[in-house]
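In the part that follows, the structures are each spelled out as structure tokens.
In the two complexes that follow, chain A is the common piece, with chain B as its partner first and chain C second.
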Partner chain A sequence: MAKRPLSGEPYVGFLLPATLLVCGLFLIPIGQLVALSFGGLEAPTLRWYEQVAATDSIHRILLTTFRIVGLTTVIAVVLGYAVAYAMAHMGERQRLALLLCVLVPFWLSVLVRALAWLILLRNNGIVNEALLGSGLIAAPLPLVRNELGVVIGMVHYLVPYAVFPIFATMRGLDGRLMMAARSVGASPFRTFTDVYLPLTLPALFGAGLLVFVFGLGFFVTPAILGGGRVVMLSEYVSISVLQTLRWGLAAALSVVLLVATLALIAIVSRVTGVRRMLGAS
Partner chain B sequence: MDLRGWARPMIFAVAWVIALFLLLPGLVTIPVAFNDSRFIALPQGAWSPRHFETLFTSAPWLSSIADSLGVALASTVLAVCLGTACAVGLWRVRPWLAGLVGAIMLAPMIFPPIVSALALYRAWVAIGLYDTWAGVVLAHTILAIPYVIIAVTTSLSMLDGRLEQAARSLGATPLRTMVDVILPNIRTGVATAAVFAFVVSWDEIVVTMFVSSRAVYTLPRRMWDGIRESVDPTVAAVAVVLMALTALGVLAAIVVTLRRPARNT
Partner chain C sequence: MTRSTFNDDLVEIAADELRAGRLARRDFLKVLGAAGLLPAVGAGLGTLPFGSSPAAAKAAELVLCNFGGDAVAGMGEAWGKPFTADTGIPVRVDGGSPLAGKIKAMVESGSVSWDVCDGDGFLCNQLGKQGLLEEVDYGVVDKSLVRDGWAWPHGIANYTYSFVLAYRKDMFPDKPPTYADFFDTAKYPGKRTMWKYQMGAMEACLLGDGVKRDALYPADLDRAIAKARSLGDDVIYWESGASSQQMFLDGEVVMGNIWNTRASILERDTKGAVTWTWNDGVFCPSSFVIPKGNPAGSEAAQKFMASMLDPARQIKLLQLLGNGPSNPAASAMLPPELRRIDPGYADNVAVQAIRSEEWYEMNYDAAVERWIDGISG
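Presenting the complex of A and B:
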């Protein structure tokens, strides 16, 4: 298409209402939050970032957050890969049944899922009662209000997010590549490790990054299953504002969280492209 | 040695175990919801529907259901209108502009919820939207727009761009082209977008907690209170109702998707 001036873009008007709303009532407020983290425009200061850099308790929160999210991501992606592989290679009926089992929890409210895990994992929850009743343990196992509970809840939430992108890639693979490997004498195991896995590795990596980004911002699951003892970054930010009224610190931590998120998203879009994320082929 | 013989069934079995790990935990809310006790606990023999009665008769729970429904419907309408127009615009404008605006429009989906919550809280207080119905609707609209744009863009990517060119070359204005040519062809995408927008608003909790306090009290907020204080077993009844609705919705979606290609051929 020949170059036209902007006035020659008849559809620009279609973009305007949504763009104005998101810029005016979302990006500008975000900008104000960023400004606040630097002490506002009148008296710029780095003291909140210095506090983030110098406070041990904040370091522990950051470390806890990255440890939990990292562990969760690895588990979720491995489980997601297995489910996606099965889905891509089973018969139509079985695939649909499996899809149903992944989709229902995927769409289920995050609060319902956290509540379910709380009922299961509490000290007087179903898992502990069953284990106590069977005489396998003498005292309830600490399954919730600790990192274990948070990881279980987050893995449960994030597995479907890993399944779908990996499954899409697996379905798009050319089956003849694997047949070719087999025909030149590779064992099924060799075919998997040397052909199938490398072909699906970018999808695995992309899914892992998305799950990690998503997990980084988690609020509800850690707040409920951590029970105040495991505090992740998002909950700490909310505590800073609601309980201790430290807005500057909360803003600086928000910026840290935001920058980490955007950096990871930039890597993801390097791999897949923003247009692809928007769904256009 | 052929691994295929046993490796496949084993991976399928592993996948089923994982799928059950995803599906089954939600079901434990059912016995708790039917328990005849004032606490969140398993039934000790007596089953009763009292928590469902509370849910559908007590004023606070009913008003929260009404708040959630009203907010979700209003923000769905707004997000679908703005988002669909924007997606059609992105489809037709030159690539650099589409890339820029597209990236801006995805921001509310990508940014961590707590960051959006703090930013909107301060802004809503400053412009008098805090704890108002309009404020919650606008916040949810902003959060839902990216999902609408993604769903509609997916639908548009399957549409032949020459349809739009044909309509325009015959003298139709962009608006006329949109209404008479593009919209009828992306109905499914717009419907999907509406479902996404509704669910985003219906489930939203973090931003809602920060932009509202009393005047608007959505269902997730009341559930959050019930779970955190761990005293109100009505949340288990809500959980059962939501689970049933979710399962029905997913089943309906699968049936619709299975039927469509059959009808077209």
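Presenting the complex of A and C:
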């Protein structure tokens, strides 16, 4: 797509309401948050950032958060890629059925989904009861109320976010490229690794980024499926705001998270090219 | 998911009770009917006017702030209505959740809209020492009506609750478990549950580690955390009172350190399959405080604080919301069926630890953070 100067665009006016909305409802509060993290504008201080840097428990919580979200992202993207591939290449009717299967849980509230997993996976839940009843295991498997449960719940929530960008890219691919590869003697596997995968890789990264950023803010799922012992960053922020009234600390942590996320986006888009990542090629 | 406090939880229980038709509904219906605006305003903001006529509504009113939902109607019924009958001052109950931070923000900005606020006992000193509260006028409020030490310079105990050991009866048919049994997962397999936010749980850990209940404070938090961690995967921490109840109903846990209000409901709903012991419970006061510069003026608020200590009104609240009288005289007057559920009944108090408001005043904020850090990861 060729670049055109904005001044010639008749559509700039259409952007105005959305821009005002974003500035008013997003940028100004974010600015206040940043100010709060420095202890207000009158007497700026770095003490909250020093506390973030110096507190072991905060480091541990950050580490837990990044570990869980990283693992979740990898699993969700791999599963999402497989689902998108199937969706992109199956018949119209099957595609519709599969699309529904992805969308219906997508529409359910995060709370309902977490509770549903609890009913399935807890010690006396359906899965463990079935396995115990069939004699396959002697004691219930610890599937939930721990980190595994949190990852399962988060992957389930986030897979659709991986499926849709990847699916959009796959649908947009020119099928003749794969045919050309086959015609010059590439095996189906070779065609996939040398042609298909590189073409869909930016979407894969884009999906991964989306899932990762979403995952960082998870709150309900870890609280329910983690049995109280998996504390992620967003929960820690909430405790600091509601409970211990250390709003400066909460703001500093939020800013750290925001900056880390922006840095990550910058790195990934540098590697893959942000335009390709967003589906424009 | 936001953390709920004990006060929030009362509201939820009352709602469930009302739905299940077990609460004295006549009074509730009267209240609900009188306020045609309840669905519109009451559901969202939890406000309910108790003025009987428009003229009265225009007169000075007293705003009581608690943690919302049906405790709005409950406290209005038990304490607001009789106060209005005595003084002519309408009481409006606002379910605005008067957390410490909100009271602080309100007083500091000079726009106080609450006259009396509900909160844990140790908040009286915590906020009072920051100059955010009016002093209680003990010429008006009779401090001899509450237990020694529960009348603070800036607030007075309004009701009581306990953290108790609830358990499955089939596991302990002959005698209730102790906290030593609670931590003995080899002898008594199955998961346990405790509150995620330190209170009650810390005491349970210390009791399980051999600390005597009169020697809990000053508390050794590290020792408690080590004990909690010794449960490994055999503990699920509850977040809301409702979830603590649900874990027992689902058979996920066999023992738990939970609120007495939830324990008594569990016993009733499971027909005794789940029950609780008052032994080694942690008995806690809730309190009323007056934010500095409250709109109705100090006098009305002081009178209200004095009025809710009346034994009949205290018992009414126990009936409606399941929380105990802070006035021991009310506990002494209870009919037998209510004695079992009152944390403050003399026989029940005798076997419990009493939460140290001094310790929590000084240590709670730091303790809850270290606790969360200690039990996670």
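Assume the second predicted complex is superposed on the first by the 236 of 281 C-alpha atoms of A that agree within 3 Å, B and C clash if a C-alpha of one lies under 4 Å from a C-alpha of the other, contacts with A are read in each partner's own complex, and residues count from 1 in each chain.
One rule holds in what follows: contacts are C-beta pairs under 8 Å (C-beta built on N, C-alpha and C of every residue); 3 or more make two chains touch, one makes a residue touch a chain.
This is a predicted model, so every value here is computed, not measured.
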item	value
First, second, both or neither for A:L197, with chain B first and chain C second	neither
Contacts of A:I137 with chain B and chain C, given as first, second, both or neither	neither
First (chain B), second (chain C), both or neither touched by A:V259	neither
Contacts of A:R60 with chain B and chain C, given as first, second, both or neither	second
Contacts of A:V231 with chain B and chain C, given as first, second, both or neither	second
Greater chain A contact set [chain C / chain B]	B
First (chain B), second (chain C), both or neither touched by A:T244	second
Which superposed partner A:V271 touches (first chain B, second chain C, both, neither)	neither
Partner chain(s) touched by A:R145 [first = chain B, second = chain C, both, neither]	second
Partner chain(s) touched by A:A116 [first = chain B, second = chain C, both, neither]	first
Doubly contacted chain A residues - partners chain C and chain B	111, 124, 219-220, 223-224, 238
Chain A-facing residues of chain C, complex	1-3, 99-101, 104, 191, 196-197, 233, 235-239, 250-252, 365-366, 368-370, 372-373, 375-377
Complex contact set, residues of chain A against chain C	57, 60-61, 64, 111, 122-124, 142, 145-146, 219-220, 223-224, 227-231, 236, 238-239, 242-245
For the chain A and chain B complex, residues of the former touching the latter	1, 9-15, 17-19, 21-23, 25-30, 32-33, 36, 79, 82-83, 85-87, 89-90, 94, 96, 98-105, 107-120, 124, 126, 129, 156, 159-160, 187-189, 213, 216-217, 219-220, 223-224, 234, 237-238, 241, 250-251, 254, 257-258, 261-262, 265, 274-275, 277-281
Interface residues, chain B side, partner chain A - complex	1-4, 7-8, 11-12, 14-16, 18-23, 25-29, 32, 40-42, 81-83, 85-86, 88-94, 97-99, 101-108, 110-120, 122-123, 138, 141-142, 145, 149-151, 153-154, 156-157, 168, 173-174, 178, 199, 202-203, 205-206, 220, 223-224, 227-228, 230, 235-236, 238-239, 242-243, 246-247, 249-251, 253-254, 258
